[in-house]
Amino acid sequence: MRYEELNWTDIETYLQSDDRLMLVIGATEQHGHLSLLTDIKIPLALADAASRQSGVLVAPPLNFGASPYFLSYPGTISFRLSTLMDAVEDIIRSVYRQGFRRILVVNGHGGNAGVRTRLDELSNELPDLQLNWYAWWQSHGVEAIALEHNLKPAHANWLEAFAFTQVSELPSEPKAPPYVPRAVLSAAETRQIYGDGSFGGAYQVDAKIMDDIFNVALRDMLEILKFA
Amino acid sequence: MRYEELNWTDIETYLQSDDRLMLVIGATEQHGHLSLLTDIKIPLALADAASRQSGVLVAPPLNFGASPYFLSYPGTISFRLSTLMDAVEDIIRSVYRQGFRRILVVNGHGGNAGVRTRLDELSNELPDLQLNWYAWWQSHGVEAIALEHNLKPAHANWLEAFAFTQVSELPSEPKAPPYVPRAVLSAAETRQIYGDGSFGGAYQVDAKIMDDIFNVALRDMLEILKFA
Amino acid sequence: MRYEELNWTDIETYLQSDDRLMLVIGATEQHGHLSLLTDIKIPLALADAASRQSGVLVAPPLNFGASPYFLSYPGTISFRLSTLMDAVEDIIRSVYRQGFRRILVVNGHGGNAGVRTRLDELSNELPDLQLNWYAWWQSHGVEAIALEHNLKPAHANWLEAFAFTQVSELPSEPKAPPYVPRAVLSAAETRQIYGDGSFGGAYQVDAKIMDDIFNVALRDMLEILKFA
Amino acid sequence: MRYEELNWTDIETYLQSDDRLMLVIGATEQHGHLSLLTDIKIPLALADAASRQSGVLVAPPLNFGASPYFLSYPGTISFRLSTLMDAVEDIIRSVYRQGFRRILVVNGHGGNAGVRTRLDELSNELPDLQLNWYAWWQSHGVEAIALEHNLKPAHANWLEAFAFTQVSELPSEPKAPPYVPRAVLSAAETRQIYGDGSFGGAYQVDAKIMDDIFNVALRDMLEILKFA
Amino acid sequence: MRYEELNWTDIETYLQSDDRLMLVIGATEQHGHLSLLTDIKIPLALADAASRQSGVLVAPPLNFGASPYFLSYPGTISFRLSTLMDAVEDIIRSVYRQGFRRILVVNGHGGNAGVRTRLDELSNELPDLQLNWYAWWQSHGVEAIALEHNLKPAHANWLEAFAFTQVSELPSEPKAPPYVPRAVLSAAETRQIYGDGSFGGAYQVDAKIMDDIFNVALRDMLEILKFA
Amino acid sequence: MRYEELNWTDIETYLQSDDRLMLVIGATEQHGHLSLLTDIKIPLALADAASRQSGVLVAPPLNFGASPYFLSYPGTISFRLSTLMDAVEDIIRSVYRQGFRRILVVNGHGGNAGVRTRLDELSNELPDLQLNWYAWWQSHGVEAIALEHNLKPAHANWLEAFAFTQVSELPSEPKAPPYVPRAVLSAAETRQIYGDGSFGGAYQVDAKIMDDIFNVALRDMLEILKFA
């Protein structure tokens, strides 16, 4: 159940019996051969699925994240972290004002981690607000599946190659992970190092594995949405 | 052609022959009986249609605008104008860096008008950037159609009641426009004055009129996209 | 009655019987052949006149507005919109703290419109604050006078050529409005297009028309100052 | 020669033979029995006088300064220092862009001193910009006159009681300077301590002394305007 | 070699043969029984040791980090992340201007991770700047030592209990890690959950282990300082 | 008694009987032949001494101040004033939240004066907060000692040449104060004018004088710390 299918009285009715909300954040950035919106599509698909099972509302996704290091790849659109934190703060304050109290931020992009600090700051200020944060690729369940199949999760490799994030043919041969000289790189260096944009490893795996990953993340989210 | 269907190499290829882009901005806010995303759905539908005919790319929509006056209606999510300007600036700078030079901001929400000042500021700073702005409801063609049918355009009345923005039954009887005591109102006053959220007039009109409105706005956009 | 003629005990006395205030904002920017302070002089003259008849106080004018598009004309001094919003906010908060509750922002410059969003935001935060906004050239009465005389109002044409804004001879022949290719222009493009700075039409009209315009705007303001 | 008496072509002409400008900043704040605009009126009178003798242009005054400590006195309107610095920066950047290179900031208010740091920052960024700062009451000449007459200069005492800043009768007896417990006070404490707002000493002195003070400050400014 | 032992000509001399710098950031925050400055003391000790062996300069430490979640523990002093990013940016820009090009940020506090995004942004803007980031507790070598001794690293447990961070007796019995209900907690919840501030496990271990940990981190840093 | 020697329970205990705190701010900037940290070392030495006699806690020093004019001297690290004000605000808010109410900011650097305005703003907002500010070199006692010995205090001359700020030999002959053309200088001009960085006069004086200066400043601080 997304905002776009509802009008304001629907939200008012919802708030009479529930105060939970899912907010999807992610990125518009290079994902190698995959969709530029991969980091939105995955958490949004998870949120939609979790919404169907739990009835928890899904706010419109914030389509842009912090991706300064990928700006030399055309198609990457990056917010400064300061902008991103202000944007998330404004969303949280808007819905808090209307009665939402338990909010799960469903994050699809590693570069957005700094936003958590703003969430901490807001938690100190807004009484009774319960915020949570879920990054599906950091799930223990996801890690276990990768380990079981001897697969290494990385940006824009098999890990993110769901049917719904593919927009072109994927290479059949795996990519050797490049050497990374420093922990902080300019966008120009990043492109030089990563070439096609994948961080290396297999580009795709069996659909069954992808289903398992999706389902384990979905189970995580349903558990988290209990706010127990 | 939206970013979500493409990967970064598609954008790189596109930029070899074109430097135009459409950026959809709007709002998540009360629209009376219509979808909370009405101000995104309309400009996005127009941008998609214009893209099909012109081949110009459509960036992911920025789903949130400046709607402080509607915050007492549940479902309204408002950015501070400062946040909104920063967000649009970051988007423009990202795509400018990659070679886009002619950018049409397709705006769906009247409250976003202040963003134009930031666009002016950016135009002074970024060489060869050509920005344009289109607000479909201010089109002379749209006004002419309204006049022809003796209809008054207003927020959340027939003007925005396209098939794709309707999420519930619409009242069959028109609403008397309320008395508005001042030009600046708090969110609480706004809700008290506007009740169901529509600014008054007919809630719906014949589908043929809506088609005419859509088409005249689409023609505007195709003309504007020539950047002549 | 302006702040400059008063000391703080005068304001304290005033606040015992009234809580209204006029705040003049405008611009220092090119106005063709007219004074660079045209957008301050007009609203300030109106505020002074309204003050004489209503007794409502006039705060010192904020002499600078948002005029990025005119920066290639020497003499234009422009605030970023973010600065302008902060400035107006600080003024409102200062006077609110001391007891003013009904504040009319008398705006002389179209480029300042984004400030209204900050006023909306403040209205949500400060209890019992009643803000209003008046832009004289958008008055229905002013439009009616222009229509009656078959005159088109525009920046730096006859509309703003009051006796007190003239600082040099005005051309006797009207100017053909130039072709404007886009809605967002850099300052350099703006100067190239507009040449002497007027947006076209007659440079001056009969003093009687100007008096009528001033008086109709003044009547608007006196009505608005009732805060009814 | 003030901006308000000129149009943009006058400024363009001026810039062909000179690149100097005076910018008046000050405050709208309690000045005891004197005008709320005392800190604008004095530097503006000095700038006007200096302009008459030197031909150097005077920009419109920025009517608001940083006066947080006086906010409990009605009539005080204070900018946050961050707003004030942004405002002055925007003014400097605007005029720099148009060719001004030697700019004297004529400051009328002690609380604005932090602005100098922003001026330092701008000096590091804008090539060939020469900024200067003049605070008349810190002039050695002014101090000498005070010493000669055994008078102690202080906020809102005789020092600022020029004919043109007086808006009411002034007490004939001097005020004993109050005890000030700390260097940082809230606005409420400040009002409690300072009562009528003067910092103590004589409220007025012979007009001849005031003339001498004005003239010695004027001589300072004429010397500074040589930018030698 | 720290800045405090040097004057500016020493830095100028240094820059003639080297352009490397270490910048220590961390936190002033509760560390259970350990010093409030633990997150500064550890990276500073490492930087000093690395400086002795490599000759690379050490800038003064920034003593405050982002610790909003610990604010209910007296002694925690937290910067907003926006402040922290601005502070680090100002430091980087200052030293870049003077010729430093290879800068290692030695971070002592997990909550500072968002700063990396600002470093990415700066890397895109400042040519030839090479930034790196080291967080000693995330070192593979440190993890290996912990694993070898079957110890779990956590905030304010044995991991940070070096001789030089101890300011009081440490409990001899380990602490059971508490249950943490959500990923985002207010400061009040955090204190309720964590009690004495340690995240659980042993409070102290054999000094030999601590030496090994220090030395493995030092070796990391010496390797990183080669900027190879 | 500094934070670094304490853990959070020590602060909690302290707050049960006292609510005073000293916060040291200063600069990392060129000081001629003296240490780059001179403006931290002096106020910190004074704070430590005052702490020993009064028992008042000393927060960790903020090692960076506003020194834009010295940025052409290697070793100077400058915060924008906006950053510095935010940093000091965050520190004050953190400790206020935990119960500190009487806070003495011990400032070692003239360029930080703008921070006082932010302190004023905070005083208006935080109930019962008593802030004070001490700049040792502006002490009447210090001035009296200088006068007594016919010495002129200035940046990086004898005035700051304590034993603990010296890091190299000091010239034996005094320096002639250079001619300073304007009150606002770029960093490049500043270096050109001041050469070795001292503002002129004797580089060193008898240790007895320095002891007297230290002691008179210490007495000031002990008096101020009574917050009487």
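For clarity, chains are labelled A, B, C, D, E and F in written order, and residue numbers in each chain start from 1.
Here is the rule we use: a contact is a pair of C-beta atoms (placed from the backbone, for glycine too) under 8 Å apart; a residue touches a chain by one contact, two chains touch by 3 or more.
Being a predicted model, the structure only gives us computed values, none of them experimental.
By the document's definition of touch, subunit A and subunit E have no common neighbour. The set of chains touching subunit B and also touching subunit E is given as A. With centres computed as the average of Cα coordinates, no chain lies farther from subunit F than B.
Repeating the C-D interface with over half of its contact pairs identical by residue number, the matching pair from E-F, D-F or A-E is E-F. Each chain gets one centre point, the mean of its Cα atoms, and the points for subunit B and subunit C are 28 Å apart.
Our note on geometry: subunit C versus subunit E, Cα centroid distance of 54 Å, whole angstroms. Subunit B and subunit D have centres, each the mean of its CA atoms, that are 47 Å apart. Mean C-alpha positions place subunit A and subunit B at a centre distance of 26 Å. Annotation for subunit B: residues 71, 80, 82 touch two or more other chains. Viewed as a contact network, the protein chains form a single closed ring in which every chain touches exactly two others.
Around the closed ring of chain contacts, the path that opens at subunit D and continues to subunit F reads D, F, E, A, B, C. By the touch criterion stated above, subunit F contacts subunit D in their complex at residues 66, 68-69, 71, 80-82, 85, 105, 111, 113-121, 123-124, 129-134, 181-189, 227-228. Interface residues of subunit B, counted against subunit A in their complex, comprise 3-12, 15, 28, 30-37, 40-41, 59-64, 71, 73-80, 82-83, 86-87, 90-91, 94-95, 97-99, 167-168, 196-197.
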